[in-house]
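First subunit A sits with subunit B, and in the next complex the same chain sits with subunit C.
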Partner chain A sequence: MKKQYNTLLMIGSMTSLLLLAVQVEGKVRVVASIPDLASIAAYIGTERIDAATIARGSDDPHTVELLPSHMLKVARSDIYLKVGLGLDQWADGIIDGSRNGRLVVVDCSQGIETLEKSAGRVSAEMGDVHPFGNPHYWLDPSRGAQVAATIASALAKVDPPGGEHYFIRLAAFQEETDRRKVEWQRQLLSTPSLQLLTYHQSWVYLAAAFNLEIVGVVEPYPGIPPTASHLEKLIDLVTTNKVGLLLQEPFYPADAGRFLARRAGMRILIASPSCGGISPDDYFDHIDQIVGGIAGDVR
Partner chain B sequence: MTTLIEALPLVGTALAAALVLGGMHSYLGFHIVRRGVIFVDLAMAQMAALGVAAGLVLGWGGEGLSGYALALASTLVGALVIAFLRRAADSVPLEAYIGIVFVSAQALAIMLLSRTPGGTEHLREALIGMLLTVSPKQLATTALIYLVIGVVHFLLRKRFLLVTVHPVESLQKGMNLFYWDLLFYSLFGLVVTLAVRMAGILLVFGLLVIPASAGILLSDRTGVRLAIGWVFSALTTLVGIVAALRLDLPLAPAILLAMTAGLGVVGLIRKR
Partner chain C sequence: MGNHFSWKRIGLFVLACLSSVSSSFGGVTNPNISVLGTTVVELSEAADDTDSGRPRLRFDEAEFVFDDYLNPFAKGVFIAALSEEGAELEEAYFEIVRGLPAGLGLRAGKYRLDFGRLNSVHPHFYNFPDRPRVLEALLPGEESMNDVGVTLSHLFAAPGGIASTLSLTVVSGSTFRSEDAASEESRLGWTGRWRNFIPIGHRSAVEVGMSAGEGVSDPVGKLRTRLFGLDLKAKLWTSTNSNLTLLGEWIDRRQDRVEIGVSVEESSGGYAAIEYAWTRRTYTGLKAERLESDDDAIPREARLGFYGGSAILEESTVLRAMIERVVLQGSSAYNRYLLQAVFSMGPHKPHQF
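Right after this comes the complex of A and B.
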């Protein structure tokens, strides 16, 4: 009994020490809607900031089940990083509900040149999830570097003494982006076919960055599951163009993809648009994994 | 514990909303349970959700008045159908028709939302609501309308009670059951429409049926039953919200399950 008590005491004092350490360091606390933005922020801020995410890598970033801990996280934060363009509308509820008057909300889509849906088949009367353009812009590394610049400015404003640090890290980020892009492009050079099918319109920026051609999308309209006739059309498309790969997000139903794979002999690459979850936690490693998967599978 | 104290202000609006809903619903639930039309509110809540779905398809979604108007109109159609069916029901029990209204409204909502981006998300939201992020303005509007409905119910309480508890006697007194039912279900529909947007179909159903059942289990007198229902819904709501904060759970399901557990406790302690 006494031994247990001692252990408890020890754990207790260790926890309070840890808490104290965090408070003394006075880090800038950053919460992001998705892990990718948190990862970029962590790259820029390193040990000067604490970066957390609301949606996990395995979550569909369009829909997030709101939990009390999300509000608490934001209530204690200095900066909130939004994806914007209508993707993370759920974030507004958390931000309002957290009643954090000093929170700086940064829309990371600011200044980003957005792309429309590549297939261009979305008619107005069907509605559109994202009227301001496709919101998955972080999957293009060059646009990722733009986001890094936005985050660096926001950090410098909130934490002026760290300003120089943030801009040095930003330069490092931009340098790594350029270096990695050359690597990725080289990897894709040896890939005979750069045509692919995607489940959702998550990959238009990735495709634009690496000259991939998205010949079709399994969802007839964003967020709407495929109908039988749409799947038939896709099979025709895939067979005539000899498309070998389907890029599918892990959180959408797998049956349509399996059906296509069976009927048209495609391979399925399960890839998350966000880092974390089934992907590496780091922004660059995540893109590296997807590019590697495409280079290995499209042939 | 520090987390709990820090977090309570963040769920203050949600807690107030749940208490307002609980106050109104445990009273109406008493009528519903005594009428033996338990699933009428699932049907009405689903009609409200159907209206919201139709609004989304038409692009009227969101917090706007037009979104509510469509939900309300759809719920009033439900009220009309159910008031009418009470007369039609003889060999087939009313509960069967109510079930049919529920599943048909659900099917129609699924059909409408299958053409809407993020449709499944809206279906789920209709089920579990968005209690955690209810805005103070939304709460104030709801509380005000509930107050008006509460006054109407208070003024007409004797006749509403008579229609609920002794429908045959009320017929003998020359009351027109159809119109009284229509009034009752219309007010009820208004309550449910407002509630579903905040708390979702599951919790709205729970708030109606569970506190009223606890009251009926513990007492024979109407006034005492109502009082027990109110205390029960307030206590279990509080327990549910604290549990949701401690264990980091979605709010509405946590409150619902706290009520179910509370009813289990009531069942154990009630006099035999």
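Right after this comes the complex of A and C.
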């Protein structure tokens, strides 16, 4: 009898400790597909949330392995932030694998005015085209502010007592976006040419936000590595237009870039489309670094 | 071949899938549809092979995959294969992915059973161009352990950051039934698997699994087959796009047989592969296999193969090749040469890089 009583007491104590731990922590747990969404969420949520990411800054956000550790992370979460527009289709496998029935899945592309939206039939003949538009929208700070609004609304729904806090932080985010954008535009004004070459079509929103002109893309079709003839065409293009910079993601092969650098005298700026990894962890600091790199390198 | 269906039946099945979605739920998109084709060139120098020394070109199969959500809580999958030998419904199941208590997952229907590392995976996902001989010889079933069943699974956190998954399947038992069984009847069987995923840093990991299963191979003679398996996979990233993978599986099979009374026939074997992905889409590897058995129909053998593969431009078309040395007990050793091309349309790809 005494043994049974001790066992019950032990189970009771452990349950109380567990409940206490949950209460003490009391944070909204957010997992995002990419670090940029997690960084924006952390800005909005501050100490009320715990934000984590699946892909890191140095990872290719198009291809992420479905690891059980990711599923476990999502199993313990309240909100999942998806990029949407077909970029992070892998996230569905992680979300389903987590078996988390109370998870709120937020598609951060909602309400975003997309670029390169396909008008007609989409086929693999066009490469890895995203029919609903280019999904790298977070690289435009104004669209980043829209994402912040979506995240603030989601957080307020999941954590109503924090609603006011989230919207105050959203206003701060929008203010910082406006302030930083003016600085970034001023920084780019002093550069004589705003033309550049990119490896993949990751940078169209960044280019649109800062009036940069992407004169060519190393991939002949999205997701397809360059051929020798395509590289020859690019050499003619950059020579004619006096393009001085190639903006390339760290996870794509470096050989084509090195070839262009050697033959056309281009500078290569290796920049990740996401924060973290080789970039700063903060969303604004990441864009700051890219703009700084372009301003310093575009001639 | 397991369950065969006529071409007409498969056609009707495909039409039924499509029409039920498009007509009864106006405005909802069709399920994801993918088609994969596999072409193989094989040259074997085996003395008992009638085509020894001559290359054979064959079309293995075309696989049709339909999958999508059935509702907010469940997904459905249909996989049919067409080959020169006929048409076969490989898998048809639904899976409740959320909403069950305690984070449980439930799958029911006909599918490849969760036993060992590779059984539940379609061969076009393997990095080597054919199924390891050990799996072919020791696991019951024609192309895989594939049966009608119900699986309950649970993912949980084990100490040390380990993601642990337990799954238990009750099957109709047809996959365990021996071809020589005196009756077409099946008796219920089961399989279970426990896998532990141990992350090492952000992307590298080691995964260790243990599987077991039991079923009736001959209901009349009340003969049973018991299976036990251990498996390991370690994937260690050496740069953004390069990684070293170690993969291995060991299987022990104990099968009742009738001699004077009932005795137990023991068979065991395993394969181990070491592989290096040089780039995101190109890899080479070395695979060794060893198989031992009391069963006269399964000769003792050892294999050593060098293999490699590459995706052409992107993931929709993959080329794989293997040179394999086969050493059979009581027979002279010979070489096998395999070249495989897998191409696909739709979201289901030959390989996930």
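Throughout what follows, the second predicted complex is superposed on the first by the 264 of 299 C-alpha atoms of A that agree within 3 Å, B and C clash if a C-alpha of one lies under 4 Å from a C-alpha of the other, contacts with A are read in each partner's own complex, and residues count from 1 in each chain.
As a convention for this text, a contact is a pair of C-beta atoms (placed from the backbone, for glycine too) under 8 Å apart; a residue touches a chain by one contact, two chains touch by 3 or more.
Predicted, not measured: the structure shown is a model, and the values here were computed from it.
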Quick one: subunit B and subunit C on subunit A, clash or fit?
clash
Name the contact category of A:His62: first (subunit B only), second (subunit C only), both, or neither.
first
Under the stated touch criterion, which partner chain does A:Phe251 make contact with: subunit B (first), subunit C (second), both, or neither?
second
Does the superposition put A:Ile94 against subunit B (first), subunit C (second), both, or neither?
first
Identify the partner contact of A:Gly265: answer first if only subunit B is touched, second if only subunit C is, both if each is, neither if none is.
neither
Touching partner for A:Gly292 - first (subunit B), second (subunit C), both, neither
neither
Look at A:Gly111 in the shared chain and tell me whether it touches subunit B only, subunit C only, both, or neither; answer first, second, both or neither.
neither
Subunit A positions within both the subunit B interface and the subunit C interface are 63, 65, 67-69, 71-72, 75, 96-99, 127-128, 223-225
Contacting residues of subunit C [partner subunit A, same complex]:
73, 75, 97-100, 103-105, 155-157, 161, 163, 165, 195, 197, 199, 202-203, 205, 207, 240-241, 279-280, 313-314, 316, 345, 347, 352-353
Touch list for subunit A against partner subunit B, complex:
62-63, 65-69, 71-72, 75, 93-94, 96-99, 126-129, 221-225
Subunit A-touching residues of subunit B, taken from the complex the two chains share
3, 6-7, 9-11, 13, 59, 114-119, 121, 124, 130, 132-133, 135, 244-245, 248-251
Given the complex, residues on subunit A that touch subunit C span 56, 58-59, 63, 65, 67-69, 71-72, 75, 89, 96-101, 103, 124, 127-128, 223-225, 250-251, 253
